[in-house]
Structure formats: C-alpha cells, structure tokens
Amino acid sequence: MSVAAQVVKKFINDPDNVVPEALAGIAAAHPGLVRVDLENQLVIRADAPVQGKVGLVSGGGSGHEPLHGGFVGLGMLDAACAGAVFTSPVPDQMAAASKAVDGGAGVLHIVKNYTGDVLNFKMGAELAEDEGVEVASVLMDDDVAVQDSLYTAGRRGVGATVLAEKLAGARAEAGGSLSEVADVAKKVNDRARSFGVALSSCATPSSGGPIFDLGPDEIEVGVGIHGEPGRRRAKHAPAKEIVEMMLEPILEDLRPQDGTKVLAFVNGLGGTPLLELYLLFNEVNLQLGDRGVSIARSLVGNYITSLEMAGASITLLTLDDQLTALWDAPVQTAALRWGR
Amino acid sequence: MSVAAQVVKKFINDPDNVVPEALAGIAAAHPGLVRVDLENQLVIRADAPVQGKVGLVSGGGSGHEPLHGGFVGLGMLDAACAGAVFTSPVPDQMAAASKAVDGGAGVLHIVKNYTGDVLNFKMGAELAEDEGVEVASVLMDDDVAVQDSLYTAGRRGVGATVLAEKLAGARAEAGGSLSEVADVAKKVNDRARSFGVALSSCATPSSGGPIFDLGPDEIEVGVGIHGEPGRRRAKHAPAKEIVEMMLEPILEDLRPQDGTKVLAFVNGLGGTPLLELYLLFNEVNLQLGDRGVSIARSLVGNYITSLEMAGASITLLTLDDQLTALWDAPVQTAALRWGR
Amino acid sequence: MGPLNVNAETVSRWMSLCASAIAEQRDYLTQLDAAIGDADHGSNMTRGFAAVEEKLASLDGGMPPGKVLITAGSTLVSTVGGASGPLWGTALRRAGRSLGDAETIEPASLADAMEAAVAGVVELGAAQPGDKTMVDALQPAADALRAALNGGGNATQALAAARTAAEDGMRATVPMLARKGRASYLGERSIGHQDPGATSAAIIVAALEQAVGAEP
Amino acid sequence: MGPLNVNAETVSRWMSLCASAIAEQRDYLTQLDAAIGDADHGSNMTRGFAAVEEKLASLDGGMPPGKVLITAGSTLVSTVGGASGPLWGTALRRAGRSLGDAETIEPASLADAMEAAVAGVVELGAAQPGDKTMVDALQPAADALRAALNGGGNATQALAAARTAAEDGMRATVPMLARKGRASYLGERSIGHQDPGATSAAIIVAALEQAVGAEP
C-alpha cells in the first residue's frame, strides 16, 4: 500500500519559516514567562540569567512541542534551543543559550541521545566553555524499544527527557550545584524507561506527506519521536493488548520490585485524542496494579510529540522521596505549571 | 474523492465503552483533584460540594477533551457531565451533577447551544429543581460561522465556553451569588466570538472512518467541534490568509474599538501540532496589531477539540478590568492551572 | 379480519421491533448523520431502544399500554442524549399520556396519541414542517393515520397509510435546506441529503405497523 | 592537458556545484531519509550548502583554498544541525586544515585532505565501514583517489576513480544493516534502503570531480 500521494495539510506560510514564526508566536503568547531570541532560535526564561542558579539548557529539533520551549520557566528549563523540524539545533545556538542563562553556577545541558543532538551539543558545549561558561551534560536514553550496544547509536531519549527537565529544574531552583543538578537528571535517566507505539505517520512541513506508509490494520511498535518507523510492525489490537506490548519491555528492563511507586507518564505523540490517552492511562493503572506496582504520580497529555502522529508512549519512572518532592515542587512554564 | 475506505485507528477496547474507560483513567490520573461518578459519567471536584459556593456544572458529548472534565477543579467547574462521543449527556446526569455540587448557593449550568445539549440540560435542570436545587443556565453561542436567526438552531457554542467556565468559575470561587456568576458567563458570551477551520475530518470510535471527505487541497471553513462539515469548502491557503478568513467575521461581529484589549485564544481541534498553533497565534497577533487591537491575555493549545481533527479555532474576548482579574485568578484543574 | 386488539403487549412488541430494526440500520443512520451532522444518530437510537427493550423486559406485566409508552419514553430520555433523546422521549411520553389508563387502544386513540407525540416534538424542538427534521416524517404520518381513519379505513389500512406517508416524508427531506438541528449549521450544503432523524422516524412508524399487524 | 590548477576558486566552485546539485536532489534525499530516518536530510544539506555559497560569495578574495574549506565547514556546522552538520562541517574543516596555507593544491595534498576529512568523520561519529553511513561512500572515495594517484594516474583520473568509488559505496549501503545514525533504530528494517548520507556524499564527491574538471 502506498500513501505517497497523500497530503497532510498544515497551517504554515513557508515550510522554511515555520520555526521562526512559531517562536514569534510563543514570544507573543507568553510575555512575562519567556523571551525569544529569534536570531538564535532560543526560548529563554524571562528573568534569565538567575544569579547563583544553575542554568538548564535543552533543545532539539522542532516538531516535538511543547518540548522543549514549553518547558522554559521557573523550576524547569532556563533556555530551549529550537532546531529545524526534526533536526538538532546547531552548536552556536547551544553556546548562545548557555551564555544567556549562566548565572555563575554553571549550565547543564540535557541532551536526548540522537547522533545529531549529541554532536551538536558537544560542539556547543565546547564553544560555551571557550567563552568561560562551565558546562555539564547529561544524555537521555530511556527508550527500551531500541537495543543498546557499544557499536550502535544506542537508545533514544524520549519521554524521560520531560521528567528530567522538571526534576533537575526543581533541584536547580532549590539551589543545587551543577553536579547535584546533573545527578538528578542522570538519576531520572537511570530510573526511567519508555516505549512508543504509532497508529499513523506524520508529515514534516517540507515532506508534505506522511513519512512512512502504514496499512489500515497496522501499527508501528517501538517508534521514536521523529516520524521514523518503529522496530516492527504489528496488527492493530485492543488498547489492553497494546498497553501490554508497551509495558512488557519497560518492566523487563526496569525490574521494579513489588510495592514500587512510580510516576506513570502517558504521552500523546500529537494526533491522538486526550480521550484515548486517558483510556490508555486507565489500562496502565490496571495492569501495573496487577503487577504490584503503584502509581504515585502521573502525567497524561501531549508533552513530547511527533507533529500530528497518532500514537502514544508510556514512560515509567521509579520514584523515591527526593524525586517525588522535586516533582511536587512549583513549576511555571507554558506547558507544565503548578504551585504558582 | 472518496475516503470511505479510510480507517482511523484508535486506542480503544470497545467503541461502546470508550467514555467510561477514559473516565476511569481521569480518576486514576487526578486523585485529589477530582473524583469520578462512573455510573452517571461525571467528573466532580474532589471537595464538592463547597459549602456556600455557587456550583458550576457543564457537560456535553465526549470527544472534546480536555473540555469539560479537564476543567473541573478550584476556580472553574464543580462537575462535568460526559455524554457519549459527540452526544449530549442525558438529563439524569445533569441532575445528579447538580445535586452533587450544590453547596447551598445554587448551581449554574453552562450549556453550549446545540439542540441536544439545550434540551437535555433543560430537562436536567427541571429534575434538579424538582429535588430542591436552584439552577440558573447560561447558553453559549459564540460561533460566528453560523448565522443566527429565530428560525434556526442558532449559533453554536465553541471556544468561549472554555473562557466562560474559567471566568464564571473564578467569580464563584470569589463568593459571587448565582446571578453574579451567571452574569459573568453571559458577559463572556456577549463579548466573545469564535471561528473554526478544519484541515481534516475526524472519526468517532463507532464511525471508524472520517466523518466527511476532504480533497487534498481543500479545507472546511466555519466548522464546529462535532466533526460536522463547515459552512463552506475553500482551497487550502497560507496561514496568513486563513487567519484573515477567520478574523474577518469575528471582528465584523465583535466590532472592537481602536485600542481594545482582548484575550486571544487559538485553539487546536486535536490533530494540529502545537508548532502550527503558535504560528497561527503569531499571525493573529500581527493582524490584530494592524487593526489597533491589542492582546492582553492569551491561550494557545488544544482545549476544546474534535477528536483528532486537524484544524484550529480563534476566539476573541473583549476584556475589561473585571474579566482580566477573573482570568488571572487561581485555577487548579487538570488542563488549566495557575496560581496554585 | 376481526377488530385489532392493540394493547400493552403490542406496545412492547413495537418497541422490540424498533430496537431490532434500528440496530440493523445503525450504520446507515450513522452515515446519514455523518453527511450533515455528527455521525452518532445510529448509535444514539440503538443505545436508546436497546435500553427500552431491556427496561420493558424487566417490568412485571399488567401495565396499561399508555404507561408502557411513558416508561419507554423516560428510558429514551435517560439513555439517548443528543437531540433525539429528549425529542423521542417526549414523543413517547406524550403519546402514553394521551392513552391514559386504557387497557386496549382504539384506532381513534391511536391517532390521538400520534398527534400528541408530534405536538410534543414540535413544542420542544420548535421545528416546522420543511425544516428537515423528524417532524417531516412524523407529521405526515400522523395526518395520514387520521385521514385514513376519517375516511373509513381500519387500523391496518390507516397504519399502512401512516407508514407510506412517513417514508414519503423521509424522502422529501432530501432537497430541503435544514433549519433545525445540527444540519442547519451547513446552510445550503445540507441540501441533497436525507435527514437521519426523519429516517429513524420512518423506521419507527413502520415498526408500529408491523407490531399491530403481527397481532396474534 | 596541462597540470591542473586547483585553488581557492576551484574550492568555491566545488561548493557552488554542491549547493546546486544537492538542491536539485533535495526531495530525493528527503525521501531516502523518510524511509529509514526522519525525512530531513534533503533540507538539511540544502540549507547548509546554500549558506556556504552565500558565505563564500561574501568573502573578499585572497583566502587560500584551505581557509575557504575551513570557512565552508564552519558554516555547515552553524547552519545544518542534525547528524550531517557536525560531520560534514568537521570533514571540510579537517580537509582545510590539512591543506594549510598553500595557494594551490597538488594532487597528493588533495588525497591527504580527503583522508583527513574521512578521519575527522570517523573520529567524531565512530562509524565503521559497513555501518550504513556516509563513511561507506567517503572512505572508498578517499582510498580510490590515493590508489589512482599511487598508480600513476593524474588528478582528473584519480577524481573520476573517487567518484565511481563513492557511487559504488553509496549503492553498497542498500543491503547493509544500519548500526549508526537514526536508521540504526530500525534494526533489520533498515536493510534494503540506500543511506541518504552516503548518497549526498557521492553527490559531493561528484561535484568535486566536476569542479576540478571545469578548471578553465
């Protein structure tokens, strides 16, 4: 089956100008919360640099909104670097962001493990260090759909990135040092695992049509967030079975003990109605309950998306007292907000 | 062009059980914030009834999430009645909700103007009144795509509903009487106008496929939120032109004076990436600026949706000091939260 | 053919026939609603009449037909939602009320009941004939029933006339421009499509003819 | 045919030829990337080389070819993003550095520069030949260039050999299982698709042959 002729319509003016125009929209929609550096395609916390606070910088290709720009603000990121759609930002952006948010306590880069992101952030960190900014980096690679190995690109960073940004951001807000803040992000990465399933493809502004073809009865199992196909294709199935399919590899890898408390994050990839995400969350809750794992905190919604892809990912994070308290701490961003 | 054979895949178990399973998911995801009455399909504020406070009840067909269940909580709704997908709830639900949230100060029903919603809420109000609950109702009909007339069903209630729930909810939280709270909702309806455009159709769990067909180069202009086709079909166009198409009938009807301050709400219908919604917001901001209207408050995101429909609506609300202060007041719901 | 005995059992049978006929046409009704509405009419009506059937089955016998209809109407109101729930619920309840406590229904009372039903729908929904709604099937059916009886026809003949009138009325909705209900949002674009509510109404009238005709 | 004069102008011409050839193949490269990646390779490379062309056009003349290459590489790093930005940026910068301040490039230095470029890519990206990346086009090209020169070929012949080797290497990526880059996430499903980065690499090597051959 070919869907090559299929067109995905978009609200855009010029495919090459989508990101700057959207950033201008973010600036107009959230004055007081963030400012936008249009030249460097950065969303920056309005009051950055916060003196004495560790600065948090993340970024990546666009098309995953609200990640990362929607998470800039008190208790989370200090700056987000927006690349072209599905394309890592360039080192100059990370350098400019790091300089803009350095309050003298150093800057943490939270980097999703994709070759492009890793290389560009690495070069960006070097540029920033050349200009006197102390930089630490944490790599997120929580996607258990990808087999890890020394000889491959390794696991992808997906849902845990949102959690790391929140939790490390809370640690920074509470006065943590650069290494303490980095440790929280690493801890999140160590204790979180994710898995995604797509029911449809998505189209970038320049691809015009769906990135991959999917039969009317097929789903992609083990997808990432860049419209890439998954590890395998399966027949579409009831939500209950799909959740089993997703939880199994997560739990196999996470091996939670009986009585473990987790943060369960059911994330929409963009084109799945919230109604279905809550239905999935119900399944996750029931199935975890059956296995003696209890959900102590939760997040349900579209937080790390793949444009308009229909699909969802599940992320489980094993909580402890520190992480729970950091989760509950105030956050004030466009997409995640409480306590303020 | 026929897309009759097209399948829209969904995360569901049984098409007839989607709503209760999703409600169970809401209950599991937001304990402390809401409780769910599964028998009556109600999402109820955890601490309802709040003694002495006017109770706010809204509801409608499911498939518009986060409306209405995602707006239950402090400073907004006390209860939301969930109907089947795109089907108004039944009077028994409104009666049960009204009883559950009546803190002795009466209950306001916020009703979107659709025949089904109007009739069922009317009967529900009668049932509640029979049981001694004082009920006032406000009808939302802000959609300028539909021509109003005594001899038709009149305008539809769309985006302004979200704003009315927030602003009337804030008035109730601040101790307003039933008539004061109802007046705020009416005021919002009087001062708000909306217009929607769809780039794709959507599918209900029981329809299986798209509700209407749309050519690869066509858009639906003047759509509502139930997957119904719009007033007319137009050729797809750049975002700038589409925003012009949407703002024109809104401004024609609203007739804001030079210097007017508005709340601009760019709402996604479910399947449009946030990236594009911000791009639209940028256009709205630029075009309003050109006309001497300034945006004092804003809301961008998927708040009143039509399942996975790709599309967006624009709502403009003319602000005054009262409405601005009510908007800024704390709200603590699953989908809208600040100040707490 | 002897005089018809239209009683509580007839009404129950009618409701069962509605449940099965509508369940059978569920997808068709939903398709009609997809074209000019929101694609839920088939599931709405199916859900409602299934509930009615279940509810009536759970009752002890001995209720007069009018009360059975009131129960059926209330069940529709409590289970359907949408526009059709209150409208059909009201129709059946008004019909039931007009029948009072009589154990059997005379043809003339049947005509009264159908007129009461239509009046209830119009009062609640304010649709005029020609607005492209269920009224365009129901009003002609009620009129035809009354006219056939007035012209000396028996109940069987009168119900056949009502069924034909409902079906004609249903088809006549195709060229109409909708002025009520969801289809009215489409304006001119509603023209050329058959109204789903008029279609289910014709099914329900046909089921009535069948229920009465099947009188043992 | 006289000795080739490969100089700063040649390098600028090469970059312009890359810009036009890649812009022409933009959709094709994006399609290849859609099959096993994220559908952005065409726009990434087009954006980058357009920026390089613009940057070089804005420079005063008088820069040695090595510096021109370093400038081009830095421009790629600053404008492409993704995996290909740092990798190609490093490749050109390393090539440029290996050329030093020389005004003209001897064939042997050209081979040195290409080897330095490949070494830079491997150092940064850690891909081995056979991993289904640009290295599978670039490494054979560098090897072929060196071998042709060692075998007594002139620059024109050596560059033709490099181009052929790059194209062969590009085609050889089809049956490979990806172990680096985004395509590696597909595992077995990456087999049967040509690597987009190897494809643009072959285009860039072909543009080099053309740039040198077009020497007036």
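By letter and in written order, the chains are A, B, C and D; residue numbering begins at 1 in each of them.
The working rule: a residue touches a chain if its C-beta (ideal position, glycine included) is under 8 Å from a C-beta of that chain, and two chains touch if they have at least 3 such contacts.
All of these numbers come straight from a predicted model, not from anything done at the bench.
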| field | Neighbouring chains shared between chain B and chain D, ordered by label | value | A
| message | Based on mean C-alpha positions, I'd like to know which chain lies farthest from chain A. | response | C
| said: Taking the mean of the C-alpha atoms as each chain's centre, how many Å separate chain B from chain C? | reply: 32
| query | What is the distance in Å between the mean C-alpha positions of chain A and chain C? | reply | 54
| Which integer distance in Å separates the CA centroid of chain A from that of chain B? | 28
| said: Touching at least two other chains at once: which residues of chain B meet that condition? | reply: 85
| Topology of the chain contact graph, where touching chains are joined (line, ring, star, complete, other) | line
| note | Chain pairs that touch, by label, are A-B, A-D, B-C
| query | Considering the complex alone, what residue numbers of chain D touch chain A? | reply | 30, 34-40, 42-44, 47, 77-87, 124-125, 128, 179-182, 184-187, 189
| remark: Counting only contacts in the complex, chain B reaches chain A at residues 5-14, 18-19, 21-26, 28-30, 62-63, 65-66, 70, 85, 199-200, 216-217, 219, 236, 238-240, 242, 270-283, 285, 295, 298, 300, 302, 305, 307-308, 310, 312, 332, 337-340
| Touching residues on chain B, where the partner in the complex is chain C | 16, 61, 83-92, 114-116, 119-120, 122-123, 145-147, 151-153, 156, 204, 206-207, 211-212, 224, 226-229, 231-232
